[in-house]
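Here come two complexes built around chain A, the first alongside chain B, the second alongside chain C.
And now, the complex of A and B:
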């Protein structure tokens, strides 16, 4: 690499500029004085964008099509929901009301740790990570790949979904847990409709994107992308493919975990829908439409698609229903015609600019 | 919830009944997985819209019953034809362009499933519909001592076995089947011998979709009919295919084994917990046998 790149799209400085511009624009949103309710909706988009980044990491760069990003997301959300619920409970009134209606007479042992907010947070981070690690080791040591991984992740996601729905005394079943008060940490109450929450979500999104970008440009990230392109060749070069796959799987899971934690802070609610199959596949759709090989594209697509969905739902009920039809159509078209998503289209278009210049300076072709 | 409520103690009669029910459950999963097996085994395509083909088959049956008054048994072949045509269209205008990218067929067919679910919801609404099973005797249960099994489930067991046998006969006893197996083994070589591989793929996909249509017509009678119903079958169907190794006999055995295991676990605990345990067991099983129960046929795919 001499610093002369063929396509403007691959210009590193240009890429960083795009990311900076994106986050500056997103950071300016509250400055323009959004309504508290609207701000909360935007905070949700930040969570969706994190999930798209998570899928982009594991699928776009790791080559692992996981339809189960809802597993770490949902587990973290339930841990967080329990933590926030226990912040409301007092030693005099230790049992959440949904447990009383399910005829529990004492707090179940699995709920005891959530008395402490810090232990609750540690569990919210640790439980999904542990499960994703075990799951990843099981799958990737067996050299499962491609569609098999997709089906395995889907199956485990479904298993958690039915558990969350069925274990009513512990999870409030279909109704889900809705903690009465906003999350409080270190004496600070984080109001879901405040600018502070928006900053937290956006800050986490920026952090996650930055770390992901950094990881991708490191040697580790290069090897991960090599396992995506040709796992067998990487294995022959002496690398342990399963190690890299497990790590990137867990890393992407961690991003989804963070998304699950802030999601419950944002909506004060967690239900089995977190484990629903369609939701996990929507994450894949966002990443696919934006461009599976582009974190930037994934973030923008997640925000734009969800914005469109909300706006259309506001127009009328027919549009709300037609949206999914439209989303399915968009997805089919992208998979068929634009496998690299909108970012790929952008890359293609930028390529034209460069060709024009290159023809003006013929000596460059040989140099490249 | 104490341990005692959760754990059902063993008793011979009900346990034996659970074993029999397990076979009928395995048959239901196998019926859902049959078309998927054919499509995956022949073309290597993961058809995520298969559950929605089942759903469309159920709505098709519902429509023919309410609008045309066709008896349920006559609806079964009609559902096959109706959904097979939809499958043929999907293959012709979508899947055909994605054979070089197998993982992308999974995504594209998910797009199809989204469109089908939402399309049906727009047309029929989200409320559940009912398919009337005729003759009426099928809705009752077979009672013999401690045995207590709905006739419809026994009917589905028989129909599934008949369909599996029919599929086997087509694959191994007809000229068409020889062509399919030739394309399965080596598409280019088969094409060089004058077999229209494109047409074989199209027909195979249509046939697999048609099987889903029949499944839908029967499941519609078993449970209610609603736009999301396909999601309830697709995961189990995929697991049957994957555990079996992606071919007809593997799916038959794995369908029976998984159905039995689920039924036995359900007997001792409850159906949700059984589902969880079974799914985790399958993941652990595939850790040690990634090729499924019958790996030798995988190379022939």
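And now, the complex of A and C:
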């Protein structure tokens, strides 16, 4: 193989090893004895990391800049919030308190299905997936691309934000829903401050990441990346580009959906902030800083950036306020200096190691 | 040899101005047809109309006995029409090998492709094409690092990978050096016979090297059709297309 640059970064076995090592290390965190409160914070990071993976899939690999990953995330979170709220309600006391303060005398029909935890979970998975499928079909059949997709997703995200705010009797509006008890399924209560929850979140993060990684290495992944480079060429190779785009859009949406479900399990709270524009943009920033062409980078960046934010907020209020400036600065620096993010820098550095070895090799042979 | 492609009164008009004006053209199976004409003659538009990239405003495109106008682009491709674009279009972030593998399209369903890893690719055909386009040494390279000529060959290879019955080539030698053009004509001579080709080209040297039959378009209409020597001596063609050259000859 003459003239080929074999960067260690592109070694597939090596990549899988890195992913597995990452998850093993993360799984060991509770073993080193974290405080329950700290553990809950780490469980949140796992959710953020899932959202970064979701953006990396749809934007980094699919070339679809979605500023609306908060849509599936928020919808799932609200379904989960409703499920957990109804776990608390009893037939004698069927109406959540916020509805009573909004002068509802009966449980609204849309809330009825959430009496059942399994139906609630099915809805939490199904509603966002259905909405993303319809939305995706409408957008990609019309061959929307680039900034237009970003604007459309942003617009729909804000529509959901307004709905969550304004449909106060159903969503508790601005205050949000705070289910009094932790999530219980099959007789097991999942304490948000427990190691079990941390491992559930991390396990889900590992699952979505490894499935994504697998999908990307299949021919589907290569075709999706081809549509990112030149959609027209893919179309003229006989593929339905819109079909592939819808699938990757819904797939990434499903990851955000799972994130929304476990988020409410972690914080026992859901409010319109889930649909806020800045939050969906943070997800894009996490993926961009980590390197949008790398799931690994997206995960690491989401964890590190959020850890930094928490730590700085602990120092003083000024740091808490300065965080946005700092994050913006980091984002601009990455866009200008490292368009492929931290993963790109890593790839670049590994390239040097390879060259170093090549030069070293003949010397070693001579020494022998 | 049967008729493979037939254009009947093909028309594309913007308001009242027809870019392609009741064009009739017949391509036989196994033929290599060159389509020439001055700028704005409607050559690329004709290709767009055949492949469904633009919607026609009148007439019919009949491929292999069936009308294909109105079908979606990817469906037309799957009927067996491959196309190489004027501006070379390859996937710059993917390796040369991956580019060819994406082009190898047996099942276009996204979910089926999630279970597919490239080992199933038809190895023999893959090797043949790599040999033909001469990129065997560069399979691991990112397509973005290829030279202009290599990019053109890669795209030709990608279109060939699909094994189309009809190949439409839009200016395959545009921007190539003389040597690269020569290599391209070698590739085309090897394709002749086994494939049916329609080549749009400006480079008359290249056309001379490969052409059997030439169709000349002018203002969206078919002006003349025939072998090279006949076209060169056609007074109508000389007037509109080779006119400038004729005048300079006279001077």
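To be clear about the criterion, the second predicted complex is superposed on the first by the 350 of 368 C-alpha atoms of A that agree within 3 Å, B and C clash if a C-alpha of one lies under 4 Å from a C-alpha of the other, contacts with A are read in each partner's own complex, and residues count from 1 in each chain.
Definition applied: a residue touches a chain if its C-beta (ideal position, glycine included) is under 8 Å from a C-beta of that chain, and two chains touch if they have at least 3 such contacts.
All figures in this text were calculated on a predicted structure; none of them were measured in a lab.
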Touching partner for A:232 - first (chain B), second (chain C), both, neither: second
Contact breadth on chain A, by residue count: chain C or chain B: B
Which superposed partner A:169 touches (first chain B, second chain C, both, neither): first
First, second, both or neither for A:23, with chain B first and chain C second: neither
Partner chain(s) touched by A:240 [first = chain B, second = chain C, both, neither]: second
Which superposed partner A:148 touches (first chain B, second chain C, both, neither): first
First (chain B), second (chain C), both or neither touched by A:220: second
Contact footprint of chain B on chain A as seen in their complex: 65, 104, 135, 138-139, 141-144, 146-148, 150-152, 154-156, 158-160, 162-163, 165-166, 169, 277-278, 281, 284, 288, 321-322, 324-325, 327-329, 331-332, 335-336, 339
Chain A residues touching chain C - in the complex, by the definition given at the top: 1-6, 215, 217-220, 222-223, 225-226, 228-230, 232-241, 243-244, 247
Chain C residues within the chain A interface of the complex: 51, 53, 72-74, 77-78, 82-83, 85, 89-94, 98-99, 101-103, 105, 108, 110-111, 113-118, 137-141, 155, 158, 162
Interface residues, chain B side, partner chain A - complex: 1, 46, 94, 97-98, 101-104, 106-108, 110-115, 117-119, 121-122, 231, 235, 238-239, 242, 270, 272-273, 275-276, 279-280, 282-284, 286-288, 290
